[in-house]
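So, here's a batch of structures to check.
Across the two complexes that follow, chain A remains constant while its partner is chain B and subsequently chain C.
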Partner chain A sequence: MSGIEFSRPAYSEPAEPGVIYAPQSGWRKWLDRLVYIAALGGVLFSMAILLTIFAVLVHGSWQALGRIGLHFFTTQAWNPVPGRDKYGVLAFVYGTGVTTFLALLFGVPLSIGVAVFITRLAPRWMAGPVSFLVELLAAIPSIAYGLWGCFVMSPWLQNYLEPVIYHVLRHIKIIPVGKYPSGNIEFFPANLVRGGPSGSDFLAGGLILTIMILPIITAITRDVLRQFPQELEQGAYGLGATWWQTTRLALVYCKAGIFGAVMLGMARAIGETMAVIMVIGNTDSISASLFAGGQTMSGVLANEFMEADHPIYLSAMFYVALVLMLSSLLTNVIARAMLSRISAGRDKR
Partner chain B sequence: MTPPVTADNHVSGHRSASASAAGSGSMSVETRAARHAIEIQGLNVHYGKGHAVHDLNLNITHGEVTAFIGPSGCGKSTILRCFNRMNDLVSGCQVRGSIKIHGANIYDRRTNVMELRRRTGMVFQKPNPFPKSIFDNVAYPLRIHGIRGKAVIKERVEKSLRSAGLWDEVKDRLNTSALSLSGGQQQRLCIARAIAAEPDVLLMDEPCSALDPIATKTVEKLINDLSKTITIVIVTHNMHQAVRVAHQTAFFYMGRLVEAGPTDKLFHKPDHQQTLAYVTGQFG
Partner chain C sequence: MSDITVSPAPAGSPPVNPFQGRRPGRRWISRAFAGLSILATLMALAVLFVVLWYIGGRGIEYMTTAFFTNLPLQTPEGMRNCIIGTVILVMLSSVLGVPLGMLCGIYLAEYARKGWFTYAARLVIDLLAGTPTILLGVIAWQLVVVPMHHQSGWSGALALAFIMVPIIARATEEMLRLVPHAHREASAGLGASHAQTLFRVILPAAKAGISTGIMLAIARVAGETAPLLFTALGNDQAVYDPNQPYPSLTLKIWQYSQSAEASWRHQAWTGVLALVSLVLIFTAAVRFTVREKK
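Let's look at the complex of A and B:
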C-alpha cells in the first residue's frame, strides 16, 4: 500500500460551461410542480370549506335573519312550538359564557399548577407518569365524560358539594345587585346559590368543562415552561430568589405561551357539546345562580336538530350555529391580537 | 462595614482559622494584616461518583480581586458555586468541609440560603438579563428581598447602574427592554443587578467569555473600580485577564489547588513546575 491515490487532480477541470444552461430533467420539474400544486390545492380547499360553511350557515339562517334580526340577541325565550315561534339566543350565549367562564376560573389555576408541578417540583420518576395521566384525560371521548358527569358527578354535586356551598353562601349577603320579581332584594354572593342544589346546572357544566380543558392547558403550559432558560433560572437563584419567586419569573417569561394555552382551552370549552348537555339541565333560563339549569349554543343544536320540523325553527337553529361560529372567530381574533401585544411587550419593551 | 471575623458565630467542627493557621493555600501576604472574606477548609465536592474538588484549603483576602485559573474541568467554577451554594441546585452534588464567609459557615444547617445569595452576588458566563426593562432588572433583587419604597428602589438602581458604569448609557431609556442592550452592556447590567442588593462578595464566573475585546476591556475596568468597595472572586479562562485584574491568583488542576499567591509571583516566579507550565502556555 503506497498511500492514497487520488483519482483526480485536487483542482478538477471545470465542467463544460454549457451544462448550467441545459434544461432540468423532465420528471424532476414535474415533481416540483406537482407538489406545488398539491400544496396550493390544499390551502385553497381548506379556505373553500370555511367559506362554504359560512355561506351555508348564512343561507340556512336567512329566513330567521329577516324575521328575527337583531332581536335574536335580546330575546331570552326559545319556544319552537308552531304558531308561538319565539326564538332568542340570549340564554344560550349566556350559558356558553358562564360555563366557559367557570371552566377557565377553575381550570386555568389548576392546569398551571399541574404544569408547574411537572416541570419544577416533581422528582423525575414522578413527572413522566403524572404528565402521561393528565394527557390521558384528553383521550377520553366527550360522551364518556357526559355519561360520567350525568351518573356520577351530578348526583355527587347534588348530594354533597352543593348543599355545603348552599348552606354557606346563602347567608352571605354583601352587595345588593337587584330585585327579584317577588320584591326581595338580590344579594351577591347569596344569589349564586338561589334555588338550592340541583346537580344539573351551570356549576356542573363548568366543572365538566374544567376537567376537559385541563389536559390541553396543562400540556402546553408544561411545554412552554420547559423553555424557560437555565441561565435566567440560575440568575434568579443567584440573586437570592426563592423557589416561588423564580417560578413566578418563569411564568411571566412564558406568559404569551400560557395565554395561548388558555385560549385553546377556551376554544374547547366554547365548542364542547355532548358532555355539557348531559349535565347542564337544558333550559333557556338566565340566572345568576350557579344551581340553575341552562343551555349552551352548541347544546341547543345537538339537542334539537332532529326536532326542527318547520322552516323558521330550522332557520333559527342555523342562526344559532352562525352566532356560535362568529363568536369562536371573534375569540380567535381577540386572542391573536392580545397574543401579539403580549409578545411584542416581551421583545420590545 | 464588614463584620470582623469572630470565633463564636460559626458552628462547624473546625476551629476558627486565623491568618497564620490557614494552611498551605493561604493567600495572605505576611506583611499585611489581611482579613479574610472567605475561608475554605477541607472542601471536597462530589458530583455523584465524580470527585470534583479535593481537600481544598484556601483563604480569600477581603477587599481584593482573586482570580481562579486552570484548564477546563479543574473545578474552579464548582468552587465558585459553593460560595453562594448554587451547587445545592445540582442534584447529586455533595459538598463536605467548611466555607466561612466573614466568619459564618455557610454550609451550616441554619444558613438562610436566600440571604447568603443576597450577600454574594453572582455574574455568569453568558449575560442573562431578565426579559424586563433595564430598571426592573436592577430592581429585581431589591424587590425579592422585600424592599418596597419606590424612592429607595429608584435611588439604589441608579447607584448600582452608576457603579456598573452603565448609567450614562441607559439613563434615558430605563424603561426599554434589557434585551435591547448590546452584549457588553447586558453583562454590565447583570453586574449592576448583582451588586444592587449590596453584597459583600461578588462572584464572577468567566464574565467576559461571551464578550468581544472592547466590551471585555470595559468590564475589566469595571472590576478594577468595583474592587475598591467589594471583594471579588473571578473565574477566568484567560490568563492575561487574571494578570490584568487580579491581586491574587489561584491555580487549580484536576480538582486540586496547585498554587495560590499574589498574581505577579504566580505568573513570574511560581513555586510549582505545573503552574509554570500552565502560565507559560505549555498546556491548558
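Let's look at the complex of A and C:
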C-alpha cells in the first residue's frame, strides 16, 4: 500500500473488471464526482419516470378502483353516459387477447422460419441483406401500417381472403365468452366465422399485428440461434443428422431464448395502438367470430380518452390504462427473465 | 423431442445414434422444412415489398407541390406546418431524452457494479422500453396538460422524450462496453481521472455507435402517433409555439385517414410517404455508415 490510494470515493465503484484511476485533487476530483452524480441522477430520473407512471395510473383510477373494483373484469357493459355509468373492461381485454393470440399464431412460425433461414440456410452474402430488410419492417411507423391496413389490406380481406376462409371454417364451432343483456359472462359454442366478411375485424387486427411483431421475434431468435454451439452442430452432422434434425436440436437448445423473443413480440402486440384501431372495427363486442369487429385496451384509450368528460368515466379510462400497463409489464418481465438466463449461460461458457 | 436428446447413453448399453434409423424419409422431411423456412422468408419480404409499394405508389400518385408549401386549410391543401411541427417536436424531445438516455447508459456501462441497484436500473430501462407508448401519452397528459388546462407542444415532447430514454440508454451502454478495456487502463496509467477518461477516450471511441443509437431513436419517435393524441393534439395553423397545441405529421395522417373526403385521404397517403421516406432514409443511412466503419 506504499502511497497508492484508491481514487474512488466511497460512493463510487469501478466498472468490472475494475480500472484503478490515479488519485485526483482539485477540480478534477470534483469533475469526477459531478459526472458520477449526473450519471446516477439520470438513472434515478428514469426510475422516477417508471414510478410516476404507476403513481399517475393508480391515482387516476382510484375512484374507479373503489366504485367498480374487480367487477371491472367480469362485465363487458360499457356505457359512459352520465348517470348510467357502466364500465367493464372485458370486451377490451378480449379484443387485445384475441388479436395478440392471432398475431402469435401466425407470427411465431413465420418469424422462426425467417430466423432459421438467416442463421442456418442462407449463404453468407444473403444473410445480411435479408436480416436488414426484415428489420426494416420494424422501422415503418405504425400509422403507416394502419393506413395500409385500412385502405389496402381490409378491402382485400373482405373481397378475396375472407370468403375463402368462410367456406373452409364455416362449420367449426368454438366455446367463446358470450354477450348478454345482464352483462355477465356466459359460455356457449359459436361459429368461428359468422356474418359477412367485413375486412375490419379481429382477423385484420391479428394480421396487421403479425406483420408488426415479425421483425422483433425474428431479430432476437436470430441472435439466440447464433449462440448454438458449433460443437453440437458438427457433432450432430457427424452422427449423420439431416439439416432439419440439426435445426431442431438448435431450436430445442435455444428454446428459452426463443420463448423470450416470443414474449417480447407479445408485449409489442399488447401495446400496439394505431395500426390496430384502424383495422379492427372499433365495436365493444365479444364474439367468437373472426369476422366480428372488436376493440382493444389501447384502442379504447386512443378513441375515448379525450371524450371522457366526467370524473368516473375518466377514472375508468385510467383503470383501463392500469390494466394495460400491468399486462404489458408482466409479459416484459417474463421475456426479460427468459432472455437474461440465455445471456447468463453465454457468459459462463 | 426425445429422439434428438444428446445426453450420453447409460453405461453398459451400446451407443445409440439418435439421428439415424426409425426415420424413413428423413431427408425429404429435412428438405420440406428447408422449403418452409425459405417460404417464410419470402412471405416476410413480400409483405415488406407490398407495404412499401402501396405507400410509394399512392403517395407519389397524390403528391403535389402544395403538399410541401401550403397549410391544411388552404386550397390546394398541404401539410407544411405538420412536417415542420414533427421536426421541431422531435428536436424538443431530444433535448430531454438524449442527455437523460446517455447518462443512464454511461452509468450502466461505467459505474454500475453487481448489486440490487444495478439490477433495478436495468429492469427499469427494460420496462420503460416495453411500456405501451399510448400510456406515456396518458402520463404526459396528466403531468403537463392537466396543470396547463390545454394541450401543448411541451406535453407531446415530454411523452416522446420518455420513449427515447430507454432506446438511447441501451445503445449507449452497449457501445461503451465495446470500447476495449485496455483503452481505459492506458488512460488511467497516464494519470487521467475517470471523468477525463470518459470524455477524452471512451466517449470519442464510442461516438459513431452512440450517434447511431440517437438517430434510430429519433427515427422511432418521429413516427409515433399514439402518445401525441392527448398531448400535442395537432394544429391546422403554422403555430410553432410549444405552449399551444402542436401540428404533427402523424396526427394529421391519422385525422385525415378517418375522414370520408377523398382529397383528405389522398393527403394522408402523401403524408405517410413523406413520413416513411424520412424514417427509412434515416434508418438505412445510419445502418450503412455504421457498417462501413466496421
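Note that the second predicted complex is superposed on the first by the 285 of 349 C-alpha atoms of A that agree within 3 Å, B and C clash if a C-alpha of one lies under 4 Å from a C-alpha of the other, contacts with A are read in each partner's own complex, and residues count from 1 in each chain.
Rule of thumb we're sticking to: a contact is a pair of C-beta atoms (placed from the backbone, for glycine too) under 8 Å apart; a residue touches a chain by one contact, two chains touch by 3 or more.
Keep in mind it's a predicted model, so treat the numbers as computed, not measured.
Enquirer: Could you look at A:F73 and tell me whether it touches chain B, chain C, both or neither (first, second, both, neither)?
Expert: In the superposed model, A:F73 contacts neither chain B nor chain C.
Enquirer: Report for A:W62: first if it touches chain B alone, second if chain C alone, otherwise both or neither.
Expert: Neither chain B nor chain C is touched by A:W62.
Enquirer: With both complexes superposed on chain A, which partner does A:G240 reach: first (chain B), second (chain C), both or neither?
Expert: The answer is both, since A:G240 touches chain B and chain C.
Enquirer: For A:P229, is the partner it touches chain B (first), chain C (second), both, or none of the two (neither)?
Expert: After superposing on A, A:P229 lies in contact with chain B but is clear of chain C.
Enquirer: Between chain B (first) and chain C (second), which, if any, makes contact with A:Y160: first, second, both or neither?
Expert: Neither partner.
Enquirer: In the overlay, answer first, second, both or neither for which of chain B and chain C A:V134 touches.
Expert: second
Enquirer: More residues of chain A are touched by which chain, chain B or chain C?
Expert: Chain A has more residues touched by C than by the other partner.
Enquirer: After superposition on the shared chain, which partner residues are touched by A:G42: those of chain B (first), chain C (second), both, or neither?
Expert: second
Enquirer: Can you list the residues of chain A that meet both chain B and chain C?
Expert: 232, 235-236, 239-242, 245, 249
Enquirer: In their shared complex, at which residues does chain A touch chain C?
Expert: Touch residues, chain A against chain C: 7-8, 12-17, 19-22, 24, 28-29, 31-32, 34-36, 38-43, 45-47, 49-50, 52-53, 56-57, 60, 109-114, 116-118, 120-122, 130, 132-134, 136-137, 139-148, 150-152, 211, 214, 218, 232, 235-236, 239-245, 247-249, 252, 264, 267, 270-274, 278, 298, 301-302, 305-306, 318, 321, 324-325, 328-329, 331-333, 335-336.
Enquirer: List the residues on chain A that touch chain B in their complex, please.
Expert: Where chain A meets chain B, its residues are 229, 231-232, 234-242, 245, 249, 253, 346-349.
Enquirer: How about chain B: which of its residues touch chain A in the complex?
Expert: Interface residues on chain B, with respect to chain A: 84, 86, 89, 113-118, 121-122, 124, 126, 128, 130-131, 133, 140-141, 144-145, 175-177, 179-180, 190, 193-194, 197.
Enquirer: Considering only the defined contacts, which chain C positions touch chain A in the complex?
Expert: By the definition above, chain C touches chain A via 1, 4, 6, 17-20, 26-27, 29-30, 32-34, 36-41, 43-45, 47-48, 50-52, 54-55, 99-104, 106-114, 120-121, 123-128, 130-136, 138-139, 141-143, 162, 165-166, 169, 181, 184-185, 188, 191-198, 219-220, 222-226, 229-230, 250, 253-254, 257, 265, 268-269, 272, 275-276, 279-280, 283-284, 287.
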